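Here the structure is laid out as structure tokens; the discussion comes afterwards.
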Amino acid sequence: MSITYLDAIREAQDRALKDDPRVFIYGQDVGAFGGAFKATKNLAAKYPGRVIDAPISEDAMVGAAIGAAIEGMRPIIEMQFADFSTVGFNQMVNHAATLYWRTGVPCPITIRLPSGGTSGGGPFHSQSLETIYAHFPGIVVMTPATVEDAYGMLLSAVAIDDPVIFCEHKYLYYHLKASSLPTESLPIGKARIARQGRDLTVVTYSAMVHECLAAAEVARDEGYEVEIVDLRTIKPLDTDTVVASVARTGRLLCVGEAWPWGGVSAEVIARVTAEAFDLLDAPPQRLNAKDTPVPYHPNLWAAHRPTAQSVAQSMLRLLRL
Amino acid sequence: MSITYLDAIREAQDRALKDDPRVFIYGQDVGAFGGAFKATKNLAAKYPGRVIDAPISEDAMVGAAIGAAIEGMRPIIEMQFADFSTVGFNQMVNHAATLYWRTGVPCPITIRLPSGGTSGGGPFHSQSLETIYAHFPGIVVMTPATVEDAYGMLLSAVAIDDPVIFCEHKYLYYHLKASSLPTESLPIGKARIARQGRDLTVVTYSAMVHECLAAAEVARDEGYEVEIVDLRTIKPLDTDTVVASVARTGRLLCVGEAWPWGGVSAEVIARVTAEAFDLLDAPPQRLNAKDTPVPYHPNLWAAHRPTAQSVAQSMLRLLRL
Amino acid sequence: MLPTAVSNDPLAGVAEFRDQFIRAYRFMLHARLLDERLASLYRSGKIFGGVFLGRGQEALSAGLGVCLRQGDVFAPLIRDAAGRLAFGEHMIDSIRTYLGSPLGPMRSRDGNVHRGRPKEGLLPMISHLGAMISVVNGMLMARRMQKRLGTSVGAACLGEGGTSTGAFHEALNQAGVERLPLVMVIANNQYAYSTPTNRQFACDNLVERAAGYGFDGHTVDGTDLGECLETLQKAVDNARSGRGPQMIVAPLLRLCGHGEHDDSSYIDPRLKQSELGRDCLEIAEQRLVAEGWLSGEEIGRSRSELLAAIDETISTVQRESAPNASAESWQALSTVSLRDMSSGTEMA
Amino acid sequence: MLPTAVSNDPLAGVAEFRDQFIRAYRFMLHARLLDERLASLYRSGKIFGGVFLGRGQEALSAGLGVCLRQGDVFAPLIRDAAGRLAFGEHMIDSIRTYLGSPLGPMRSRDGNVHRGRPKEGLLPMISHLGAMISVVNGMLMARRMQKRLGTSVGAACLGEGGTSTGAFHEALNQAGVERLPLVMVIANNQYAYSTPTNRQFACDNLVERAAGYGFDGHTVDGTDLGECLETLQKAVDNARSGRGPQMIVAPLLRLCGHGEHDDSSYIDPRLKQSELGRDCLEIAEQRLVAEGWLSGEEIGRSRSELLAAIDETISTVQRESAPNASAESWQALSTVSLRDMSSGTEMA
């Protein structure tokens, strides 16, 4: 049997619906159609009245989720693409995110954002928006990189009493496969060592984990062992695991598919330099997407985001500093 | 004669309207009423038909500005509070910001965000949202800290062919005074040395410049000379001036009123450590607001954001490292 | 005007109406007096931030409040002191929130009109206009899924200016599609801050929008408590009995500034002279006296009693200690294990 | 049905209408054939990303396009290949954008339906539904301020699903308040992706929303080119002559998938059998032949000529070289002096 990252997301929702009557799914085309990416396929038939088609109203979708959460439900909202979450932004960052702090009433909602670039996606179907959500207090931001985490973390997201932005990467939907679903997983908030190494720590998350793993093989051919930290959640951010890795390697490269200004990679570097400056043997470096919208043509797209090749170059340059 | 920061904003708009027939102002209550903060007082009478009351429709306000820009105008949009820009967010980050890159047609719009905390403002009238705008490609983000810059930079914002998010600080509106308006100003994109020093570089912007200046006096009493860099624009960010200062002092503290995760302070540290690691004699540090919504009660508010006192503590701790 | 038939027995109907009218009037009076006290606290510099009054809108607001029941959902807006009291909010919640007491429902964190108790069905508004309506929808949807909607309804208030927001539209459309028992009350007080209605919308009466959302539409003179009660009761009853969402539009005039910082000199004097500019409280009192439901003396006594209670509550709250920043948790997440202890807020 | 009186001379009116009908029909046919070729390129893997067709909506779209003039503003949506051609877009713009040619108006940066030439009044849509309308408003407002609005109008297209967005509402309200010559064309093709209308809105006909925005409302059978032309011409004329914003709602059926990846198996077969499911192109052809305006032969010839032109253009574009990433500027700002050269995108 082989299970894709997308299957895992569907299975996690199936299980959440099965195990917890408080769970429901609300989003455009999630019902009988099963969602634009089929992440909710068959669920409407299996759980009548609990997988609900929404009008094209992202603000009202999130607003309704907040209200349902107040009444004790655990809604999962599917945005059709992460890029469209910008029109539901206000309810997310100003309403869901502040509810617990303002009132003491928790707001357990999960908002799934099909994120990241795919070939031919273009500027409005490719965005990685984790940074803007992580900037706001009161939100947990998850960025699973593996089939196992797609499953386990989505189940955790639904179980957590706070709003979770669940950034699932569209490129991984079909590309990533595992042989079975996990029965247990790392606690939320803990990063994972995706590859052990001694010469350089690469901190990354989501689809870039795989580019970095491939790049690490290139570096191995040059005689270097690169350690790769998969952050899993970017807020909270597991500084301890990152610092412990840097303590072993003395070098830090942060890689992200999002735009460069002020994102995950900047945050990681600011933390590591503040807390573990003396462990660094070389300047910490970043590699992000270019600071333009995400281009449509595959040639441009491949150059816009980091790839195994560009990551390998960055690794080797930093290793040789 | 004494001119406040708010006066300077009004004067700049007056001059822009006077000098350039392409300029108009659009926002809630900006017309006869002169705006919630009186930043457009008298302008509607002086420039009939060019200072226009908008319905409570931030998305449509920004959309209309984009359209007007395409037709050769140079609109200024006033958001009543920065906090409400979240409902015009999509037009800003996905439409205005991408227009030039996608089509080659520039989008010269200025969006004024009355930003930052004041006593009793509470969670929805106090936000500093520069980070989320700076994260998106295609936007210039200005954060003037002085009366002179409020004037000169707003004029530049209107003259620039790209979308500008102009974060004017509400706390400075009345608190900050100058004797006259400037006749010239530093180029946009250049940071300013607000205070010279040799022992520590503090990088900051907007209202925090003044907290940092006050804190520097405390440090002086302890025998330290702190250099203060006022970024002026946070995107583009003048890394050169910051690095040159760190070259003089060997120490870096970044101070911002925004939330801590992934903001200006992280970006500055990531740049300095990547480009000037060897110049640092101690770990670079940050001081931001706390990672919660902005509280209503003045006691809590004063503890939530950095103040001269907390900045001074951070300075001294870092100076003694 | 009396309601046509509240029950089978016309006299019982009259008595019921009278009782409801008197109850609503008391909340109006209470709200008016409380508002005035808050305004004077503001003028003497005792309140941080803004103060927003409901002067001129009490009939509509209290009228809605008395038509709601425990178990309903209520999302008031900035001018709904009267409706809040009628729905059961204790005035100490208001005073504590305005004065920033840590004992208030918002625990000094949020202020003035941004208060509520979500678990009791009273939603604490965020400032972004229009944002509360879809939240009410979600509460009603949840109850329906949980099979405990019963005859409960959700009521949301908004000014005419707030109808220009995308959030308003999305939420009304959503309520229509889900056929929720939502009662949408729009106080058209002729201004949104300084902006007159002709800069806000282009139809004659916002109720023209009801049909497009699948709502029943009602218009009512917002200065007349009797008419407000009649119309709101009908709308709430419609919603309760499964007849789908209801929109009520009430023309009236804001008889105060946008906030207490605002002298509202922009208000057209002709509007003040018009029917819209009548003070709903005075009209209600005239009717009470004319119908013989309350005497001038009784009204005067109510007034003094309420004032005394208000002043006592204010004194109580003023003796409460201010919040202590170092005792604050400074954590926005409820999940303790997910609190990030090194997020750059403090020096390492 | 013929229009009642297009000019004083009824025969001139007939001739004018006939000419317009024929012109519109040719654009419909052109769009249909172009769409079909793009679909087959998609099936053979030659197109990155999605392909979105206008099948079944050409009458409405071309009808609008021929009512517009140079100097007007047009914001088409995903199913407006016909309207674009009628408005003057060269088909090579479409093909280049779909195939990602750097010579196209979007220079490989944006794709498929996200193309346009803003300076020529043809707006390149962003994906976020509803977002284009307020941009059209702003263009019209600007022209009015510049005193060069004249009789120009702005037309914006949207599907019925897009009417649920807040952006749609804010923009329509804005157009009403500003009394702009906006022509809002809503193609109610019964589905938004897979979502049927009863999950999208709760009124019978979206045109019921027109009055609430201060718009004139029109409904037209979207499958009938003659009726579309008549109604659209009236609406456009109204807007041109200062009678304020116009809304046209056209029921019809999407005769294809949402995109070419979608088999649209969810479409109710009863809808396909109904009047809504008629193919507007066939109906237009029947009328052309019945009226004696074009013969079957002439239609066949048009078809071959258009096909040949399409295929030639596709070949041309396919010979164009792909974009070269290293020649890209990778700069999102137009202001050269503000380009940030050390923003972490590259290693120092």
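Brief remarks on what is shown
In this document, chain identifiers A, B, C and D correspond to the written order of the chains, with residue numbering beginning at 1 in each.
Rule of thumb we're sticking to: a contact is a pair of C-beta atoms (placed from the backbone, for glycine too) under 8 Å apart; a residue touches a chain by one contact, two chains touch by 3 or more.
Keep in mind it's a predicted model, so treat the numbers as computed, not measured.
By the document's definition of touch, common neighbours of chain A and chain B comprise C, D.
The most distant chain from chain C, with centres taken as the mean of CA atoms, is D.
For the pair chain B and chain C, the distance between mean C-alpha positions equals 36 Å. Averaged C-alpha coordinates put the centre of chain C at 44 Å from the centre of chain D.
With each centre defined as the average position of its C-alpha atoms, the distance from chain A to chain C rounds to 40 Å.
Annotation for chain A: residues 54-55, 57, 59, 83, 86-87, 90, 94, 97-98, 101-102, 123-124, 137-138, 235, 237, 261, 265-267, 270, 274-275, 283, 285-286, 290-293 touch two or more other chains.
Within chain C, contacts with two or more other chains are made by residues 106, 109-110, 114, 126, 128, 164-167, 170, 173, 177, 199-201, 331-332, 340, 343-344, 347-348. Taken chain by chain, the contacts link every pair, so each chain touches all the others. Those residues of chain C that touch chain D in the shared complex are 164-170, 173, 176-177, 179, 198-203, 206, 208-209, 211-214, 244. For chain C in complex with chain A, the residues that touch the partner chain are 105-107, 109-110, 114, 116-119, 123-124, 126, 128, 131-143, 145-146, 166-167, 170-171, 173-174, 177, 331-335, 337-340, 342-344, 347-348. Of all residues in chain A, only 24, 49-50, 54-55, 57-73, 75, 87, 90-91, 94-95, 97-106, 137-138, 140, 160-162, 187-189, 235-237, 239, 267, 270-271, 274-275 touch chain C in the complex they form. Here chain A touches chain D in the complex through residues 28-29, 31-33, 36, 53-57, 59, 81, 83-84, 86-87, 119-125, 260-261, 265-266, 283, 285-293, 295-300, 302-304, 313-314, 317-318, going by the rule given at the top.
Every residue of chain B that touches chain A in the complex is listed here, in rising order: 59, 83, 86-87, 89-90, 93-94, 97-98, 101-102, 123-124, 131-132, 134-138, 235, 237, 258-259, 261-267, 269-270, 273-275, 277-278, 280, 282-286, 290-293.
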